[in-house]
C-alpha cells in the first residue's frame, strides 16, 4: 500500500510538491479531526516526544507543507529501504509518506534510466534549496566505477544533489559512518556522507538497518518542526540515540545482579539472563531498539536471545567480534603474555648476569678493612 | 508491545522481569492525586518505557477494566476504556492490521479523543444542512 | 690505606643481595616504620624514619642493580652517593638507630629494615663516615681485645675477688669442658657479680666450664660499626680458643649484640660453621632448669617486669627462656606493654652507647621506655643485657625514678636452693 | 579517529603493547631480584626458613596492635583501598571475563551494587591516602614524584571505571576506551615503579620471615 503511495509520488509531474498544508491535504482525503488526533498521538509516540506535546504537534502538522524528498542509494544492500517498507504498513504511517513528496527513489520508483534521472533533476530544480535529501549506502572513493547510477558516480551524484538540499538524512550505518563497505580492509575506499558533504545539516540515522519507526520519526520531526532535531556528537538525533541499549534493556537487572548467560543454550539463556558475556554490545551502543523494538514492537535482538551487535555505532563490524564480550581483548593476550615472559626471562637472566658480575668485581677489588681504614685521610 | 500473542523465544518469566510494574502504578497514583487536587490531566506513553516481555500485559491486568468501553474507528480501530480506577483510562490505537501502534495511559476525566471535535462538528453541520437541502429539493 | 668514598661505594655494592633488592623494590613509602622506631616517636623528626636511614644503600641498589637504574645512570638521572650525603646520613645511620629491628617487625611489605641499616653501616664505615666513638671502641677491641680497654690482668683480678668471696674455683683455660663463658667488658668492670652468679649456679648444677684468658671478650665492635672484616677477626679469636680448648658450647653472656655477633653472625663472618654450639646464658640456664639441675628457693613478692634486650629477644630468638626462668622465683610478674618480640628498645644498643655524640638523643628516646614503665609501675626490672641495664639505670636516674635493675642470672643465683 | 576506533585500539594493539611491557617488565624485575642470590646462613638454625618465610607472607598482612593504634589512618585507609581494589578488580563480571580470556578460568562475580559500593569505598580511601600522604609529617617527607605518579595511575582506572559504569559526561564507547587505556597506562608504569610491591612484597616478606624464623622468632 505504501509502495503504491511511493510509486505514485515517485513521479513529480503528478504530485504537487509544495502546494497546500498537511491539514488541508488530510481534510481533502476525508480524514476526520479525531483521526488526525490519533495520528498526532502516534506520531508523538513515534518521535519519542512526551504526550504533553501532542497539541503542539497537531498544530505544527496542521500547517506543515509537503517537502520534496530525493532518496539516493549508493553502496548498500537495500536493507534500509526494506526496513522502511516492511514497517507497520499502517495508514497512520503512510500518512507521513503522504505528507512528503518522494520524487526520486530508484529502487521504488516505477520510472527507470533516463526518465528517472530526469525526474530527479526536475525535482532538484523546482525545489532548489528546499528539498530533503535522503541517502543510504556509502560512497566509494577509490575507483568511481565501483558504484554508478546511470553512468554517474556516487560521489558526483551526491555532491550535485546536495547542493540544493535543505538538509540531508543519512540513513543506515553505511551512509552515516561507512558501514560494512568501510569495514577493514575497505576495498572500495568507502566513506560516509559526512566525509564528503561539509556545508549542509546532516542527520545521521544509523543502524544496519535503522529501526523503521526511527526513520519515519526523523522525517516526521522534520515535517513537524521544519528543522532538524537535536543531534548528538556523531550527528544522531538524541531522541532516538540518547540512551544506550544497555541502559534501557529489560535484562539490565540481570547484569546488575551478575546473572549471565554463558552459552546460547544454558540455563541462563533460558531464563533470559544478561547476554554481556556472549558479546552483547548494548553498553556501547546507542539506539532505540530496547524501547521502540522491531516488527511492530514485537521484540528486539536481545529479547530474542541474541546479543546486540552494535550496528548503529561507527565501525561496528571491526569491533573485535560480535560474540566477544566488550571487556575482552580483541587479540590473543595469553600468547602475547607467554612470549613476552619468555623473552623477558632471557633478558632477566642476562641482566642478572651483569649484576652478579658487578658484585663479583666489587668483591674482587675489596681489600680487607682494618682499623687503619676507618678514617679518611 | 505485542498484544498478538507471540511466543517469547527462550524466555521464562520471573518476578525479576516485572520490575517496571510497581513504579508505573505509583506514577499513576501520583497523577490521579494531582488530577483530583488541581484538575491537571496527564498521559503516559507506554512506548517510552523499556518493558520486559509480559510487562505491558501485567500493567494492563493490574489496571483492570471499569465501566466505560469505547471503540473508535479512525485510521484503524482504537480501544479506549476506563480502568477499574476511575479517572485512569487506557487508550490503545491500532492500525488497520489490528497491530498496536501506540498505547497510552491517560489520567483524565475523559480522554480528549472521545470528545466530538469542533472541526468534525462543523463538517457534520454542513453535511446535515446539505442532506436537509437535498430532501427539501427532492 | 684509608677510607674513601670509592671504598664506601664498593662496600655498598657488596652488601646488595636478593633480600635487599626485594626490600627496596617493595617499599611504598607508607611511613609505618617511623611509628615503630623510638628515635622517631620521641623526636617527631621524619628524617629518622627507619627506611630513610637506608637511603645511601638504596641509591647504590637502584643505580647499579636495576635495569631502570642502569639506564638512568647512562643519561645521568640517578641520585649520587657522595661524601656530603654520607656525612649527612651519619647521624641517622649511627646515632639514631640501635638496630633494634622493631621496624622490621611492622613493615607491611616485610622489609628487614634493621638489616638494611646494618648493611648501610658497612658502606658508611668503609667511606670513613663512622662516628669517632665507635672507631675508638673498634680500635680498642682489635688492639687491646675489648672495646673498653679491659685486659686479662683486670679480669684475673676480678676472678680473684670472686674466688675469695665465694670460695669457688673459677676455671681458666681448662680444656675439654662443656662450656666456655664469654664476658662483656661491662660485666667485668661494672657487674663482676655476674661471674659470681654463674660460678655458683654451675657449681650447684655440676657443670664443667671455663673462661679463656686469651679470648674472654664477648662484645664485637665490628658488628656495631659495620665492618665485617673486623667483626670476623674478633669472632675468629673466640673460634680459635674454643677449638683449642675443645669446648662443646660457647656461652654468650648478658649482652645483646654479643649474642647476635657470636651466635647468628659469627659463622657467616668467618665463613664456615662452628665446631661448637653457641648459647646465650639464659638458654643454658633454661636447659639446666628443664633438666632439673637448677633448683631455686624463696619467691620475690615484688612486682617484677622483664625488659627484652632487642638482640636477644626480637633479633635473637631467646624470648620464652627468660620468662620460664623468672617464673621460678617471681610471684608478681608483669609484662611490659608490647613485651616480648615487640618490646621497645632501651635506646642504647647498636653502638649508640659507644658513640658519645649520641648521648643526648639516647637519653631523649628513653622517654619511650619511661612511658612503658609508667604504665605498669614495677618494683624492679629484670634484664639480660648489661648495656640495657646501664642505660636503663641512667635513664631512670635522669627522671628520678627509683626502680632497681636486676640481672636475671644474678637474681637466679641469689635464689639458688641450699640443699 | 572515531570513538569505536579508539575503543578497538585500546582493546587490541593498546592492550598488546601494555601486556608486553607489563609482563616483560615484571619478569625482568623479579629475576633481577631473585638471581642476585643470597649467601646461605652458616649459623646453627633454631627454626625453619621456608616455613616461617611462608608464614610471614600471610601474617604480615595483620598489623600489630600498637602500630595500628599509632598509625590508624594510614592502616585503615590502606586496607580499605587495597580491599576495595581487590574486589573491584577481581570480582566484577567484566573483569573476570577479561581475566578468564587470558588465564583460561573464571569465578563467580559479585552483584554490581556490591562492586559499585566498593568502588566508592576505594575512591574515598584513595583520596584519604593522598591527603594523608600530603599532610602526615613522615609521609610528606618520604613522598617523591614516583609516589604521586603511582597513586595517580592507580586512581585513574578506578575513577574511569566508576565513570564508565555510570556513564558520566561522555558516551559509553569513549568511557570504556578511556578506562581500558587508563589500565594500560597502569600496566606500563607498573614494572618500573613501586607498584612492583604487589609482587615483590611476597619475596620481601618471605626473606623477613626466613631471617627471623631461622633464629626462632615468628615475624
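Letters are used for the chains, namely A, B, C and D, taken in the order the chains are written, and counting of residues starts over at 1 for each.
Heads up, the rule we're going with is that a residue touches a chain if its C-beta (ideal position, glycine included) is under 8 Å from a C-beta of that chain, and two chains touch if they have at least 3 such contacts.
In this text, all values refer to a predicted model and were calculated from it rather than measured experimentally.
Undergrad: Could you say which chain's mean Cα position falls nearest to the mean Cα position of the entire protein shown?
TA: Closest to the centre of all protein C-alpha atoms: chain D.
Undergrad: Which chain lies the greatest distance away from chain B when centres are computed from Cα atoms alone?
TA: Of all the other chains, the one whose centre lies farthest from chain B is C.
Undergrad: For the interfaces C-D and A-C, which has the higher count of C-beta pairs in contact?
TA: Looking at C-D and A-C side by side, C-D shows more C-beta contacts.
Undergrad: Please tell me the distance, in whole Å, between the geometric centres of chain C and chain D computed from their C-alpha atoms.
TA: 37
Undergrad: Whole-Å distance, chain A centre to chain C centre, using C-alpha means?
TA: The separation of the two C-alpha centroids amounts to 77 Å.
Undergrad: Quick one: report the Å distance separating chain B from chain D, using the average Cα coordinate of each chain.
TA: About 57 Å, centre to centre.
Undergrad: When the C-alpha atoms of chain A and chain B are each averaged to a single point, how far apart are the two points in Å?
TA: Roughly 32 Å separates the two chain centres.
Undergrad: Where in chain C do residues touch two or more other chains at once?
TA: As it turns out, chain C has residues touching two or more other chains at 16, 65, 67.
Undergrad: Identify all positions of chain D at which a residue touches two or more other chains, and write them in rising order.
TA: Expected reply: 28-29, 32, 35-37.
Undergrad: Where in chain B do residues touch two or more other chains at once?
TA: none
Undergrad: Let me make sure I understand the interfaces: which chain pairs count as touching?
TA: Every pair of chains meeting the touch criterion: A-B, A-C, A-D, C-D.
Undergrad: For the complex, give me every residue of chain A touching chain B.
TA: For chain A paired with chain B, touching residues are 31-35, 37-39, 41-42, 44-46, 48, 50-52, 54, 88-93, 95, 248-251, 253-254, 257, 269-272, 290-293, 296-299, 303-305.
Undergrad: Under the touch definition given earlier, write down the residues of chain C that touch chain A in their complex.
TA: So the residues of chain C in touch with chain A come to 1-4, 7, 10-11, 13-14, 16, 64-65, 67, 70, 125-128, 130, 135, 138-139, 142-143, 225, 227-230.
Undergrad: Where on chain A does chain C make contact in their complex?
TA: Per the stated touch rule, the residues are 351, 354-355, 358-359, 362-363, 365-377.
Undergrad: Looking at the complex, which residues from chain B come into contact with chain A?
TA: 1-2, 6, 8-12, 14, 16-17, 19-20, 42-45, 47-53, 55, 72, 74-76, 78, 91, 93, 95-97, 99-102, 104, 112-113, 117-120, 123
Undergrad: For the complex, give me every residue of chain D touching chain C.
TA: Residues 28-29, 32-39, 41-44, 46-47, 56-57, 60-61, 63-64, 66-67, 70-71, 74-75, 78, 133, 136-144, 147, 192, 194, 196-197, 200-201, 203-209, 211-212, 215-219 of chain D touch chain C in their complex.
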